[in-house]
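One structure, as structure tokens, below. Some questions next.
The chains carry the letters A, B, C and D, assigned in the order they are written, with residues numbered from 1 in each.
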Amino acid sequence: MGSIWGKQLKISLFGESHGPAVGVVLDGLPPGQKVDLEEAASFLARRAPGRSSWSTARKETDEPHILSGLYRGRTCGTPLCAVIENKDARPEDYRDRERIPRPSHADYTGKMRYHGFNDPRGGGHFSGRLTAGLCFAGAVAKQILSERNIFVGARIAAIGEILDQVLDSTQITGADLAAVAAKRFPVFSDEQGRKMVELIELVREEGDSVGGIIECIALGMPAGVGDPLFGGVKATLSSILHGIPAVMGVSFGAGFASSKLRGSENNDSFLIDAVGRVGTATNRAGGINGGITNGMPIVVNVGIKPTATLSQPQASVDLRTGEPTTVVDTGRHDPCIVPRAVPVVEAAVAIGLLDLLLVAFGVQGPFWLD
Amino acid sequence: MGSIWGKQLKISLFGESHGPAVGVVLDGLPPGQKVDLEEAASFLARRAPGRSSWSTARKETDEPHILSGLYRGRTCGTPLCAVIENKDARPEDYRDRERIPRPSHADYTGKMRYHGFNDPRGGGHFSGRLTAGLCFAGAVAKQILSERNIFVGARIAAIGEILDQVLDSTQITGADLAAVAAKRFPVFSDEQGRKMVELIELVREEGDSVGGIIECIALGMPAGVGDPLFGGVKATLSSILHGIPAVMGVSFGAGFASSKLRGSENNDSFLIDAVGRVGTATNRAGGINGGITNGMPIVVNVGIKPTATLSQPQASVDLRTGEPTTVVDTGRHDPCIVPRAVPVVEAAVAIGLLDLLLVAFGVQGPFWLD
Amino acid sequence: MGSIWGKQLKISLFGESHGPAVGVVLDGLPPGQKVDLEEAASFLARRAPGRSSWSTARKETDEPHILSGLYRGRTCGTPLCAVIENKDARPEDYRDRERIPRPSHADYTGKMRYHGFNDPRGGGHFSGRLTAGLCFAGAVAKQILSERNIFVGARIAAIGEILDQVLDSTQITGADLAAVAAKRFPVFSDEQGRKMVELIELVREEGDSVGGIIECIALGMPAGVGDPLFGGVKATLSSILHGIPAVMGVSFGAGFASSKLRGSENNDSFLIDAVGRVGTATNRAGGINGGITNGMPIVVNVGIKPTATLSQPQASVDLRTGEPTTVVDTGRHDPCIVPRAVPVVEAAVAIGLLDLLLVAFGVQGPFWLD
Amino acid sequence: MGSIWGKQLKISLFGESHGPAVGVVLDGLPPGQKVDLEEAASFLARRAPGRSSWSTARKETDEPHILSGLYRGRTCGTPLCAVIENKDARPEDYRDRERIPRPSHADYTGKMRYHGFNDPRGGGHFSGRLTAGLCFAGAVAKQILSERNIFVGARIAAIGEILDQVLDSTQITGADLAAVAAKRFPVFSDEQGRKMVELIELVREEGDSVGGIIECIALGMPAGVGDPLFGGVKATLSSILHGIPAVMGVSFGAGFASSKLRGSENNDSFLIDAVGRVGTATNRAGGINGGITNGMPIVVNVGIKPTATLSQPQASVDLRTGEPTTVVDTGRHDPCIVPRAVPVVEAAVAIGLLDLLLVAFGVQGPFWLD
């Protein structure tokens, strides 16, 4: 049951890379919420392959077909199912997977988990393609949140060792988030972005790949949402973010860097802001104290590993003979998954925050009414 | 419902720092598993306060009283409830908390979340004391796992900027884990440990605090456990680890460092090991591919922030008047929570792995029989 | 999140009566299980409308399209999504529903629950048509169970006051269950069945409807499955059975009749049966003691109300004016839903038992291997 | 994990009949709700043994000790743990249970489920004594509901074949519910109640037992609460009610009787009531349409089997030898569990409704504020 996530809002992802379709069911949406399908399609296009030199050549328009749960442009409140067909499936690219597992892929673990019965074509259910359904769910969540003045946006914070500029989350606005989302390569500093793109081109030419870091920010979350311990914002968001393929780490606010600081450096002093609200002078906590929102921006960083699929030969073993061998992946793949993972991280954070709000304010409460 | 965690094994934590007791219910344990309560008490003692210069002066023996679920030294399979009394509660140390929130504490968010009705004494349910119940649950989980030759151990990887030696997880043995756990200050390099203790002493004298990093390793997990997406090992472990107070980040294997690597550097080649099993030459994946165990050691790193409570005056606001003010915390607190958090991290990982095994092999399956 | 059910096996139903499709995702199936889609289609045909004089004239072949989770005729272990298109949708039959609610329908409660945003056409997500997805899931579950020699079958026990013959569940065989399932009108006594059909014809001519009782039996469940209290077989099965529209009561074994008995009459004596297994002389407990299977047949009775939709005028109110009025339903409907509900009850019981077995034996345990 | 129930409000029951204590954790309560512990104790006293000729001679005052979650007489919002000590445990009454299972008890199924490791003393976790924790949770839920003018009350509808008078649920008031709850033998017709008591005395003298039916009514639930399918009121309440030991059937409104009616007889016409609210002329639906509350009284009937424990010898088998034998239970037991089960049913319904309201309106929403 690992492809279902959520408490009050549950999402159920399904599909295999080279099966008929991937998709998602969202169960527990508040009713009457406007959903703009064109906007959702634009959001999905940010994740779609084939748009640039750094992404896989697989051609998919990733058009969601709505099977249920929308009526006259608004959520019914009943389960919303969206299906995205796999049009450019090429199963012939993916043979021998069961015999010679690719390093750092799920070929071997999938075989062990499913006793060899899982669909091996294109990674099957392990494929990054499953995030198309997650993105659709996130597009819906983002739209619902934005009607309540909650904005979620992410950017590339690093590709390899190249860092985007550091921003002070206490100063970020919704306009900043919208501006970076509109960019083809979503960084604050376009100069750094150019260097990142160059690096990606370089590793592509080398038949190699590279990882990176995505930073996601959510503005406008009311204070007091979440629970201590396992129902907290960190536990909730990390449980969905760590479900995204290739994610190696999730941290909040100053994250692992806070472990190097003194308390006097790390603590965020309380203050009353210009419009009379309680805030903090700094935001190393990433908007979360004791698991609960404090009204400051939610800040989360997600570490993404380099794409495991390489055009170079790699050492592996033949599981039938037990002999060492090499594997070369001739399938289509991204030299760096990070740019396409940006909307996926946004989607996961938006879904997580919407679920937390539904726990706090219920699916029928006045919070959701215009 | 944020204090309940788990799928097949559910733990329910309860208690407030200065109420009658803290405790835990474990529901879903496999029956017939030996539980050595003395060993559990020893494990809890690793977390207990008052043992050293770097921990709070609060005196608690943290003795668990079993109310249910154990019979003749073995789990019944029915809910196991353990209660740990709060003997050295001193509610007078914690006044004004509702009016002047301490920076980076849950005073403000707790007030917002619970409309001011939560127990403010000693942080109430937000207190680190709640991890005593988690540790008891973890002690039980560790014992059950060790009967199946699965060993979980953690160590301090860093205090502030001082790092313990780097170890190759492909070479670590259960004896290594046991040896470090037996240490009063659990690091591999005692020389680095001495420097860490000195730093903690220093910040204590300054009325300050410092954070650190804990690395936890699990040996012996069979390959093929976990699910893709949200039921994976990463999503599962991070959802319990991010529930521990003061945790700012959770990463697996090479973690955020993998984001800086090329794929050719980060990938773990498959091999057949000396005893004929499938393994990998390196373990940057931390024993997890596609969310599922690959049979290599599980490696997780947890970033801990510096204790928010300081003896220094800190800037805050008076929530009633809206005026700036300062707050000084005269309560007992640790200058560095990291050493006491080591068994807490072990506990969380052990509980998480036990739950994953129960999902895979069921609560009644032959996996649990001798 | 009310359309998702299950613990280890989760099913997620979606769809509206007159939207593009209804369907289901099954998440948590054991891998490698054979699924015969023709057999599943035959099972769905037992529920499909338009087959007889007593069912709605809506024409639907209810053909499931598999989007994921099946590969080479076996379950992958990853989510299995099946979609059933709505081909004969006629939304024009269902106007004024929002203004004048039909008695004992969900028109009014749906409006209150969803603030008027739910899809009102044909009952939307409240339609009995949603049970097509449940039946598909049940078809899969039944096939998996039958490979483990667990057989689930149901029959019409009563239509109105006309009862089928009483059978002793201790004597029933899998062949008996298969024989009754193969009947067009699934009763043990065809003579009583004829009377039931006559009654249904009569109420149809009167523009009225009639209810009935379905009895479902499961043979071959191993002893020891289930939990005390809320994880028991009764709690589990009733939570899915009471989710079926029109179900008014669920009872086990002798059910409400046992409330009239003395303990000496109601208790089931233990014995060793002919093949040396522990059994009971009678089965008033319906195969369940303390929530847990005892190895005897599981017996559950489900009370179904008469179809709320009538061709007669019925008293209602105009919600806009507050004035009394009458409502006549001109839409297609069944005079008696009971015959088509028989496979739905079988499906629900099969899904429930499969989930209980997955809790007990895990999704990867040897229980599921050939 | 079968002893945890709930979605937004989770209750975790623990304990064994002859262990140190039984108890409950309530996780997810809205904060700031008044809890009168004396009132809770009075409610628990309605379930406690030893109060009358028809209940077990076990002497327990069933005094709840609060370990957490209450502060200054109100819920904190954090987990509320209550423990009830077992003072009159007499394990010596319960030997040979593992070898010779009592008919229609959980002795055999418990042994199978837990591989013989469960606590056999007094039924262990299967004991009716576990309902003390459920009653405490229900006492809290009832108090919270009554502050929102939602009243839950139950009565004995039948003992054996003797029926209490039939009441029209559309006419019942909160005062009626309070009056019947205040009775030592909770029936509407005291004359019928006397006959019931006589029957209970009779079966006690015969060393036998007798079952009965409990009807529970909830007034004041707002319309529009619950979900279609598995999140409905019926699915929710039946999943907790069928968790109560000895419950054989759960039905709503007219229940199984509706299966005998025509639609024209069973349907509840809508009307505008005297105070201008939408209501129904009759209430055969038990206040529920399509799984969702319609604002009319919730009506649920619960069938209880006769106590399995008898003073008469009963046929059983010796599991070690496989030989037939007889078993006589010399332990304390009730000749009729129905009177003591009345508050248990009320508790379960109150908890179920509170959870449904928390799903609808959230744990922090204005619904819970004064």
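One rule holds for everything that comes next: contacts are C-beta pairs under 8 Å (C-beta built on N, C-alpha and C of every residue); 3 or more make two chains touch, one makes a residue touch a chain.
Quick caveat, the model's predicted, so the values are computed rather than measured.
The most distant chain from subunit D, with centres taken as the mean of CA atoms, is A.
Looking at A-C and B-C, the interface holding more C-beta pairs in contact is that of A-C. Separation between the centroids of subunit B and subunit C, computed from CA atoms only, is 45 Å. If each chain is reduced to the centroid of its CA atoms, subunit C and subunit D end up 26 Å from each other. With each centre defined as the average position of its C-alpha atoms, the distance from subunit A to subunit C rounds to 38 Å.
Looking at subunit A, one finds that residues 1-4, 7-8, 13, 78, 113, 125, 224-225, 228, 359, 364 touch two or more other chains.
On the subunit B side of its complex with subunit C, the touching residues are 7-8, 78, 224-225, 228, 358-367. Subunit D meets subunit B in the complex at residues 1-4, 6-10, 12-16, 19-23, 25, 27-28, 31-32, 65-69, 71, 74-81, 83, 113-119, 124-125, 364, 369.
Remark: subunit B residues 1-5, 7, 13, 101, 103-106, 108-110, 112-113, 125-126, 130, 158, 160-161, 203, 206, 208-213, 223-232, 234-236, 238-240, 242-243, 245, 247-256, 258-272, 276, 278, 280-281, 284-286, 288-295, 301, 303-310, 312, 314-317, 319, 322, 324 touch subunit A in the complex.
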